[in-house]
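Take a look at these structures.
Shared between the two complexes below is subunit A, which pairs with subunit B and subunit C, respectively.
Take a look at the complex of A and B:
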């Protein structure tokens, strides 16, 4: 009896805490303190003029108000547009590829090989990728010379000189870099669907397209939502591709200037105050998006329908009250 | 198992790419700390390690070429050993994107707290931002007089504009340069013969003696199927360096755009629309611009100082030697120039003085640099002597003696009034109006874009004034 009691008192929990301690320490030093500092300095006037430091002087919400008055919203819209241009083809192609790759009947050979290949663009540094495109699509670059010598065009196209050109190039690069990643994620989701469901649909006479739209898509909805939101958050931070492609100018006419490029412009003068305020705005937007993801992925809806889950909960509550 | 291996590979490669952006600093700072024991033994005021901040190996090669105390340089080029036992540690950061200035500013701000061997002893700056460092309030560059250099006597043979450039608002000289950068018009001889029937520098000079005449010549070139210049950015220095007032007056928070800049904008738009520029080239320092210097290009001329011909055009030229010639430009101008400063707080005052004098004020040394690299150096009498020669051998210009053109230009240069905001103003006005020249935005939008950009870059700027 006594022995048993003693054993019960041994707590293994503290080892758990000790093992996860390194993360929390490094998080505190490298993430938490800078975060608090960023928020703090967003209320200050604090920048460098030449080699002289100005501030920090407390100025309240001035930075926030100045930002609202500036073209920040416009740059937000730019970011959103650039993201959509890249995301739409990305999700479509990824869905199609995921459906093909997981289709047991197609028996694609060298599946692993293709998976690696489509993931490869993601391994190249975005800046290197952008530099490559910058050179390829310059007015005197290889793409123009190929088109010219094939006779497709009779005058070099100024890809980086038009809004359409720059935006589609950025969208295309983002698509290329991320569709492999999305495909692999969606494949995991599709493979998580029980085989019986597919078999049942086959027996019921489902064709391939019907199966995709009525079985696969609804089943992977939570993952799709997750992909969407993480992609938006990634899109919010879009920087290196447009930065390198337009030389940091967001040209033409600042139509490809993203929020982070805008932030970078402020950091050229070490303007921690303004930069901090902009970061806080971004932080809030990302926070909201994260909350949405959290809600979506934490729904307990066994039959896949949110409405049904809600209705059942209501019922349960009613029953309880009735008792 | 297979899946596991591949997924682990993926994880490893992603992790590798994530970290690939990090460890770049090792090469630049690794040089310190090894000799500290030796320095402690040396009881004198003078430290054993001379830290020089610069952005490429140009200054190092100059030091190696002419500084008499140089013994050898390590293979990786980071340390130069001197005969008196001291070492020069080269701390090189690229100029692009302001990286060099960022690192230098950081080091200068920490100067007071740094250990003697880690202090910045000598640093370089370019004309575009020299004013930031010679500023008397910032006081990061020592007045040359405090080093024991008699500016009037020791530097008497330097071009006056280089002395003005390196002086603070009180006229105290805080830096010195080995090069002067008078610009010339460098043109292709074959195109000149094709379009004008002559490649004689005197006749070409007459065709570009002012902007109005230049425009007529541009029309002739266009008729023959050539472009006069590569882009609107090429002509900027001629206008931009002859502004009559500085971009920002001392103590002011207003950017004043000079009439000369407006002239550049108007002329460039006119030239661009008339087709005198190569339409594929946008701005400078990019691939298209480099290609415009090749033999396939239809571009007639470039506006460059000596370094431009040697460092920029030569690597891009793929035709035969001696195909280019130089002549006087429509406006006298100066472009670039690297200034040497002794950092306040240095523990190597004697060496700094020695290096500055030998590199920037010794006639024999400067002549040697000019003769070996065709660089135009900062010594009036040496340059006058070189200008007298009938021929001068170089790859680009054949036997033409460019010094005969550089020297008179250098005499005539009046440096535009400087401010600490010059670099941003020069860069951003070109960026903002690039869209206007391309026809992407109208004139007022380009103005607005410049205002936005300049206030982003310099938070203390409150207003931009345009000339009427």
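Take a look at the complex of A and C:
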């Protein structure tokens, strides 16, 4: 009896602290300290020219003002353009595919095969993919070779030499790498819509296009918004593909230089003051985006994926029972 | 009758589009695989759709290249990605279990905090991170690529959702009554239950770390510590259009193909895991 009473009084709270400790220690050391350090030096004149180190001297907001005056805005615009070129076809194709994949009447053969194939580029090392594209689209590369032998063109195209060419290539790569992922996310959302809604729309004489615009789209709006925001965050971090494709130069004439490539240049040249200020700008933008994502993930099931999982489980249970 | 033919036409159209998209996704890998079996002289003649006979020659010249130690790079990448996958999934599961199974004061605050940093890009702290690890004497070593993965909010979130759906707290209670210590309970009872979630997240963490380029490129200096993406970048930086192109294709192939093979083997689990979180581009 005594033993039992004692056991009941044991508080397990300390184990909670112990178990979450490694996460927070690691986060504090590798994220918080660096963040504070980054913010601190953004107010300092602190860079290296040759082997001489200048600073750190406190200069207030000078770095921030200089950045605004520099090409940062231009690079921001580049990043936005590159992101849009990749995102628009990605979301359009993904929406269409998600609608098709979940439409039983289409009787798509090899659905699993197509899912596996369209998701494949997402796992490829972006840097190796960019190098592959650079090699393939070079003037002596396979693409030009094929186009020439087909007679489509009579002179090799210099894809990586023009603004249009480079931006299209980067956009195309981003599209290729992410449309499969988006399709699968949206599919889960569509499958989360209750079957009754679709049945009702069928009885009311909805055709496929009406159903897509008036039933499917409004129902998956939350996950569409989620996809949009996370994609903007990903786009803000765009680096590997343009960096490797243009060898870090953002060529031609820095028209494909992204914000993170700009940051990378500052970090490589140990330009701590400017790099810090640029990081803080990026931090503020991502902070706002994070807040939006946070709001979405904490509203009741905004992305619909949980609902989809639940619905699927329910369905399975039902089927099992029916058998 | 009319709607039936319409449906059939639609179905044919859908399949054509799907085949076109699948072609787009696979074509580049096909070119890569074919080209890495050709010698430089063959490649100069123009593109051929059929594989050549120089696969082993190219592989051999990649293996023996001192300037771009690709196989050493693969080894480094394996060490980094493998360790990342292991410690990231273990500690994320531990954190998730800590917040799920115990009641303590800061529980809510801790959870909210992790959710708030869920999609925070690592690049914004890269500068301070670089300075910190230089001060710690970890510059140009593999450790700073591994240790930060202990705190992975997205993996934590996945694990937490999984625990919510599949670990009844009564099980933990039962283990306690049987005299199991808390760590023992976690390692021997909770971890096995979480196996599916751990497997999925281990794959994603591994791939993410394998493909990671930004941070390693800042941290690693010496050639024998370079991971695959840095070597790829170094290759691009060199005036490589004058190199043996067969070898170049082979280098890209050895960087990409291992992941493709793993993916094809595990595609079912990977695709099922996609819908649950993660930042995209």
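Throughout what follows, the second predicted complex is superposed on the first by the 268 of 323 C-alpha atoms of A that agree within 3 Å, B and C clash if a C-alpha of one lies under 4 Å from a C-alpha of the other, contacts with A are read in each partner's own complex, and residues count from 1 in each chain.
Keep this in mind: a contact is a pair of C-beta atoms (placed from the backbone, for glycine too) under 8 Å apart; a residue touches a chain by one contact, two chains touch by 3 or more.
What you are looking at is a predicted structure, and each value in this text was computed from that prediction instead of being measured.
J.: Between subunit B (first) and subunit C (second), which does A:54 come into contact with in this model arrangement: first, second, both, or neither?
T.: In the superposition, A:54 contacts subunit B only.
J.: In the overlay, answer first, second, both or neither for which of subunit B and subunit C A:100 touches.
T.: So A:100 only meets subunit C here.
J.: Give one of first, second, both or neither to describe whether A:235 is in contact with subunit B, with subunit C, with both, or with none.
T.: second
J.: Pick one for A:71: touches subunit B only (first), subunit C only (second), both, or neither.
T.: first
J.: For A:123, using the defined touch cut-off, is the partner it touches subunit B, subunit C, both, or neither? Pick first, second, both or neither.
T.: both
J.: Spot which of subunit B and subunit C makes contact with more residues of subunit A, would you?
T.: C
J.: A:254 in the overlay: touching subunit B, subunit C, both, or neither? Say first, second, both or neither.
T.: It touches subunit B, and subunit C stays clear.
J.: What is the contact status of A:140 with respect to subunit B (first) and subunit C (second): first, second, both, or neither?
T.: both
J.: Check whether A:26 is in contact with subunit B, with subunit C, with both or with neither, and answer first, second, both or neither.
T.: Touch partner of A:26: subunit C, not subunit B.
J.: Once the two structures are fitted together, what part of subunit A is touched by subunit B and by subunit C alike?
T.: Shared contact residues on subunit A (touching subunit B in one complex, subunit C in the other): 115-116, 119, 123-125, 135, 138, 140, 247-248, 266, 268.
J.: Please give the residue numbers of subunit A that touch subunit B in the complex, ascending.
T.: 45, 47-54, 70-71, 112, 115-116, 119, 122-125, 135, 138-141, 156, 158, 160-163, 247-249, 251-254, 262, 265-266, 268-269, 271, 274
J.: Show which residues of subunit A lie in contact with subunit C when the two form their complex.
T.: 12-20, 22-27, 29-31, 33-38, 41, 86, 93, 96-97, 100, 105-109, 113-121, 123-136, 138, 140, 142, 145-146, 148-149, 174, 176-178, 180-182, 184-185, 188, 208, 227, 230-231, 233-240, 243-244, 247-248, 260, 263-264, 266-268, 272, 275-276, 279-280, 282-283, 286-287, 289-291, 293-294, 297-298, 305-306, 308-309
J.: Using the touch definition up top, name the residues of subunit C that touch subunit A in the complex.
T.: 7, 10-11, 14-15, 17-18, 21-22, 24-26, 28-29, 31-32, 35, 44, 46-47, 91-92, 94-95, 97-99, 101-105, 107, 110, 114-132, 144, 147-148, 150-151, 156-157, 161, 182, 186, 207, 210-211, 213-214, 217-218, 228-229, 232-233, 235-237, 241, 245, 248-249, 252, 255-256, 259-260, 263-264, 267, 270-271, 274-276, 278-281
J.: So in the complex, which bits of subunit B are touching subunit A?
T.: My answer: residues 2-3, 6, 10, 13-14, 17, 20-21, 97-98, 105, 108-109, 132-133, 135, 137-138, 140, 279-282, 286-288, 291, 420, 431, 434-435, 438, 440-441, 445, 449, 452-453, 456-460.
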